[in-house]
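Please read through the structure below; I'll follow up with questions.
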Amino acid sequence: MSGTSNLYITKTDLAADYRAIRDESARICALLHTDDYQIQSIVETSPPKWHIAHVSWFFEAFVLPEFHSAYHPFRPEFAYLFNSYYETVGSMHPRPARGMLSRPTVEEVYRYRAHVDEHMLELIERVEEARWPEFAYRVTLGLNHEQQHQELLLMDIKHNLSVNPTRPAYSDSLQVSEPASVPMVWIDRPGGIMDIGHAGDGFAYDNETPRHQVLVRDHRLASRPVSNGEYLAFIEDDGYARPELWLSDGWSLLKREGWQQPLYWEQRDGVWLQFTLGGMRTLNPDEPVCHVSFYEADAYARWAGKRLPSEAELELMLAQQPVAGNFLDHTRLQPQPGEGQWYGDVWEWSASPYAPYPGFKPLAGSMGEYNGKFMCNQMVLRGGCCLTPPGHLRASYRNFFYPHDRWPVTGVRLAEDA
Amino acid sequence: MSGTSNLYITKTDLAADYRAIRDESARICALLHTDDYQIQSIVETSPPKWHIAHVSWFFEAFVLPEFHSAYHPFRPEFAYLFNSYYETVGSMHPRPARGMLSRPTVEEVYRYRAHVDEHMLELIERVEEARWPEFAYRVTLGLNHEQQHQELLLMDIKHNLSVNPTRPAYSDSLQVSEPASVPMVWIDRPGGIMDIGHAGDGFAYDNETPRHQVLVRDHRLASRPVSNGEYLAFIEDDGYARPELWLSDGWSLLKREGWQQPLYWEQRDGVWLQFTLGGMRTLNPDEPVCHVSFYEADAYARWAGKRLPSEAELELMLAQQPVAGNFLDHTRLQPQPGEGQWYGDVWEWSASPYAPYPGFKPLAGSMGEYNGKFMCNQMVLRGGCCLTPPGHLRASYRNFFYPHDRWPVTGVRLAEDA
Amino acid sequence: MSGTSNLYITKTDLAADYRAIRDESARICALLHTDDYQIQSIVETSPPKWHIAHVSWFFEAFVLPEFHSAYHPFRPEFAYLFNSYYETVGSMHPRPARGMLSRPTVEEVYRYRAHVDEHMLELIERVEEARWPEFAYRVTLGLNHEQQHQELLLMDIKHNLSVNPTRPAYSDSLQVSEPASVPMVWIDRPGGIMDIGHAGDGFAYDNETPRHQVLVRDHRLASRPVSNGEYLAFIEDDGYARPELWLSDGWSLLKREGWQQPLYWEQRDGVWLQFTLGGMRTLNPDEPVCHVSFYEADAYARWAGKRLPSEAELELMLAQQPVAGNFLDHTRLQPQPGEGQWYGDVWEWSASPYAPYPGFKPLAGSMGEYNGKFMCNQMVLRGGCCLTPPGHLRASYRNFFYPHDRWPVTGVRLAEDA
Amino acid sequence: MSGTSNLYITKTDLAADYRAIRDESARICALLHTDDYQIQSIVETSPPKWHIAHVSWFFEAFVLPEFHSAYHPFRPEFAYLFNSYYETVGSMHPRPARGMLSRPTVEEVYRYRAHVDEHMLELIERVEEARWPEFAYRVTLGLNHEQQHQELLLMDIKHNLSVNPTRPAYSDSLQVSEPASVPMVWIDRPGGIMDIGHAGDGFAYDNETPRHQVLVRDHRLASRPVSNGEYLAFIEDDGYARPELWLSDGWSLLKREGWQQPLYWEQRDGVWLQFTLGGMRTLNPDEPVCHVSFYEADAYARWAGKRLPSEAELELMLAQQPVAGNFLDHTRLQPQPGEGQWYGDVWEWSASPYAPYPGFKPLAGSMGEYNGKFMCNQMVLRGGCCLTPPGHLRASYRNFFYPHDRWPVTGVRLAEDA
């Protein structure tokens, strides 16, 4: 996946990456029935069909009209249907109504993909030399964008299937983990004036820049994420019934929604089960807990007498680790027992609100809407998860969700002051 | 279609009717893509897939377990998924979430249908003589139930497609009507003590019984439904902006929803268009107005200095007409210009709240939930519409919708006191 | 109270009635603190201050400008603030925001009343002879309007106080009833073609007219309303958990709202208590059950193997009874054990949807909005209750509420076919 | 007001401060009618009566039971009614229903205050020497708490009156400002490792601690808040119609709520008016803009090519200024034209999400719920406003509101990178 980390790429490499990443989206959907493509179980999720069309639209909106003078949109109305949130590009179909689009059909959406691919690959071959850097940057952005949607696609498919009372599996052949207890130990981390953020010429999103100094205090990080078994102790200690452990907004939500355990957990006849992409499974106490909101992560940490790490604390550790772990290519599609796990398995909630770095400048034009306008009310998460495509991440990568979100694969890493 | 009007039917006749009616449901859906089967555009509509499964479930719930000792349900969980509202049969999937079921797939639902059909046809052959009347009654009820859903299926498909910004047609080959103005004249109708309701041994729903006396006053009925052109005059006379014309609940709703015309009407560049099962079309001023709520029908009548007819007034006229008209078999799937039109074209809002007839007794057992429990807050409509299967209606047939409903094919017949 | 039942009244009599009825509103409010005047506990109730101002506004809107050339409105903005629903008179303050008006103050509202009274009494003295009939009619309408609001005032005060966790009493000195069991017997009532509706020259609302023929079947009426003790048997027989007893809309509401007993009932330590205008009291099993919705009345009747009476059945019986009973002047402000009770105690839900009588014509002009526009979605109630001012009722009087309403003093009279 | 800034206070001083601060609450309410005490116009505001009772309850909950062995609560149920959000103290009346409490009456609430005051003043005299520090701390916290509510009381009164269509003034005698244009200049501010947060032995809330190092970059601060006239230029430049200027959550809200100007602005006949505590007034272009949400402040800054300051940047400047400005004692109750205005006039939105300082520890016990549990989803504001009681503020003072809040007196200070 060199293409996404080095913008000075050859045509051959870019075309290869383009093909590989585009194919991966189709591969993820290969297990779906046409029926599955249509569902939008909650406003936060999108139907797979919409994802598949939207990632093609991205090239149609931001690359093809600029670089391919003869390009005609596949169907002009797709610009309205498959724009996600780019207000400066034009109006868009309302997000909560994405599940209401039976047309275009799945079959037509794949023809749309093929149409875009044909023109994109042609363009990669013949784009003027002089425009290559800008072109390569935009294509790379489009491919990174598609990788983000691959992860979301699986999170959304999982939620879409979970609301079906029959709890159908996305795949019947996913391997199940064994219990394998690993002690949690504390790693001393020195403070000081440190640098975080992206630097260098590899690809990064605008929200990772500029690289800048931060003041970090001496602290300790847990050697692995909190496990299901540890989280169960919190539940059994009445964690969901003790308001003093919770942020006020979290407690209100807990009461309103009746939360008593993480999303996807069910207790049947005294046994804890968990809905996974492989269907309902007995809870493995040694897997990292996942599908918890920021509120739950924060309440757990308070109960444990610890705190959540800041995003700087996480990034500084991530920068010292190889970018490797239980990613999408590990094919379990579920967090696994283990140690370290700085990358992969579960997105780790940081204690840091998602805000612009000092001196942050969004991308110019419509692509400036990619990240910056979401810098309010959300929390930063770090490290990727078991659904993240390999090659997509960096130490400086900033993901963000609302503190109430539970449908992403989110988990808990503890920290404490030294 | 003798099967549905005479309960003392032969095996051969019943099997023939069973096949014909069941096939009709599949025929209606033949124009759909798998994608279209999934949509629930508003809580009142159901996804076509759900309709198709539900009408099979009806036989599985109310006929097969009673008469077929060796019958095994196709999949036991379907009893939960496809029960509509029979509380006494068991719990059910929530109505607003019917569009969230990607599984079973369309393909599996058709296998379900085939499974039910196979056992039903077998049963028709071999059911004990002694149980024939009860059996034949229940099968007939199931077939009438399916016919009701055929009409709803088309109304729901229309709405499901209408919320798509691209306004796709259900069929591209539906013939379009020509303008053909027909004068509205007034027909004198005598009052007196009259009998309405079902009598005799043909099939009828419980809500049409018992036949009973009503006191009717001398009155006049309009010779045809109100046309689009006539309704336009109401719009142009500020009908949607004059509260004195409206029932209070209707006026509140009009303001909250911003109603300014019937459902499916759109004005583009000064031209009125209408969404139909054949796609967007220029409004034909001579077609009966349709997709108006009771509130709109009532406001129109007040504006016109008339009133809506009572259900007794309509039934007494219907009883004097042949049961014929622009039904589903006329294949236009749209009200047509014409005269009389007592049956077919548009369901006509009566001024009568849907209430039990004097001495009404619901069916015994779970089938008693079919009609009686809805006898509150709804209004009676009479005469069928262009989507009603032929053979399904009678003069005594009572349809009912909420006064705010606009997605059914509903229109306006005027009346006045003599 | 002859003034309200005979429109050919002398100036002296009209002035006396005007004073008496106007004084009664103030007397009802004499027990309130200024604080109590402000509350709107649910959208259906209005703050007492609003009632007090609105009933004066009625004279300012419909009498004074027409008959008193020199009249200046007390404050012009009151026309906006205290118009209830007369769209043709002008725009109005939104109903749900009536509790948001701290100004005018209670003190100012009473000055408004005094201002209106002064001019009204002056007008009664000096209105031209020729205009007397129209004038007397409108004043009489205004006084009947005020009497309706007196009843509502007490219902609303009760609800407003009930939402206070301390359950304060409206009055600490209301006498409490003793248990006094009276058997319920069945009274045979003959059917036939009967006349109902108002006739004669006494006052009546437009909705009671025209007098007309109805066809009634032989039937029986219960000799008294259903008691608390009888209703308890329904609760104890799982009445609130058996869907087959309920109308569909009622069952949905029951589940959504968690209904398990009538409004104002609470069980503490196994004892049933009831909130009354006299505060919390032990439930007297022999008082008529009250504060039940139409859905509960209907479910109770079904459970009991009976039905609710039609409004015609009730009116025909009421017409044979003296207009006397436990009304507002009995000062208990609570239904009492007893027999007959055709008038007073509890408004009795009929099985009849509120609809126009054949040939109904609303009053001309803005007063036509008084009744007619509510003739949809509501049910008729008959006979008045313990909060109804004496002199306000007639046999033909039609009250109406939504089937879900529980804050009025509503009860259950059973009927059955002969 | 030395009492609130020095915890080692004499009995005489503490009693004097107690009396002065408690009296101030009553003084603020002296202009209210009893009617005004009851209103809760939106869920965020509380009725004045509730505020008045709640600040007394604070002493009854956190001081009297601990230090006054013979104390009996005035009425035990007040612990339920007037607890705001202290879950660990017990259950509480739901916030949205605070406006539904007509009892206790205003008169009784003032008796409650007198009862608490009597016992508090007695306790100040006779509390044991050994317990003085803890006692003095808690009383001081209670008095600071009351000062916070004095500010909220006026903000809430303003909103409560604003929803009345007659727009009544809180006071008719507030002096109106004159236009007085003052240029905005840019003040260079050096970066570096700086200390912020509270230190020393004066009173501060837990959320201001611990004092800690922050890394600040060179920057510039505007010499005064943004004025109404400057904000008008943003409006006239289509600021409310350009999504690229807005955070995504803000843009959604703007569209949903139809925002086109700050809260309380109205345009009549082309003239801009503003609702103030003195009633409707012509907008003075030189007053600081106020009643803008964080979203509006942020969009304005983006439009102006600037940014909002961080809370550290503001605190470092505040620490160099005298704690003086247009506070509650200036009696204009409205921001005034001026320069500097670091304290007073308008609370200034910072760009900093409200989060715990490194090493933050909430107070022990129930008082730990005072601040910490709100550290999510809100933004920090600095500097106080024209309704803040003098003596209540410090440079380290952290106020916080949700980014959508507009009813507080909130304004905009611009910053830019050096």
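Going in written order, the chains are labelled A, B, C and D, and every chain counts its residues from 1.
Here is the rule we go by: a contact is a pair of C-beta atoms (placed from the backbone, for glycine too) under 8 Å apart; a residue touches a chain by one contact, two chains touch by 3 or more.
Each chain and its UniProt protein: A, B, C, D = Sulfatase maturase.
For clarity, every value in this text was computed on a predicted model and none was experimentally measured.
Shared contacts of subunit A (Sulfatase maturase) and subunit B (Sulfatase maturase), meaning chains that touch the two of them, come down to nothing at all. Centres computed as Cα averages put subunit B (Sulfatase maturase) at a distance of 38 Å from subunit C (Sulfatase maturase).
The geometric centre of subunit A (Sulfatase maturase) is 59 Å away from that of subunit C (Sulfatase maturase), both derived from CA atoms.
The distance from the centre of subunit C (Sulfatase maturase) to the centre of subunit D (Sulfatase maturase), each centre being the mean of the chain's C-alpha atoms, comes to 46 Å. Under the stated contact rule, the graph of chain-to-chain touches is a ring, a single cycle where every chain has exactly two partners. Against subunit B (Sulfatase maturase), the residues of subunit A (Sulfatase maturase) that register as touching in their complex are 33-39, 41, 49, 77, 80-81, 93, 97, 99-103, 105-107, 160-161, 163-166, 168.
The touching residues of subunit D (Sulfatase maturase), counted against subunit A (Sulfatase maturase) in their complex, run 85, 87-88, 193, 213-215, 217, 243-244, 246-251, 294-295, 298, 351-353, 355-356, 358-359, 368-369, 373-377, 403, 417.
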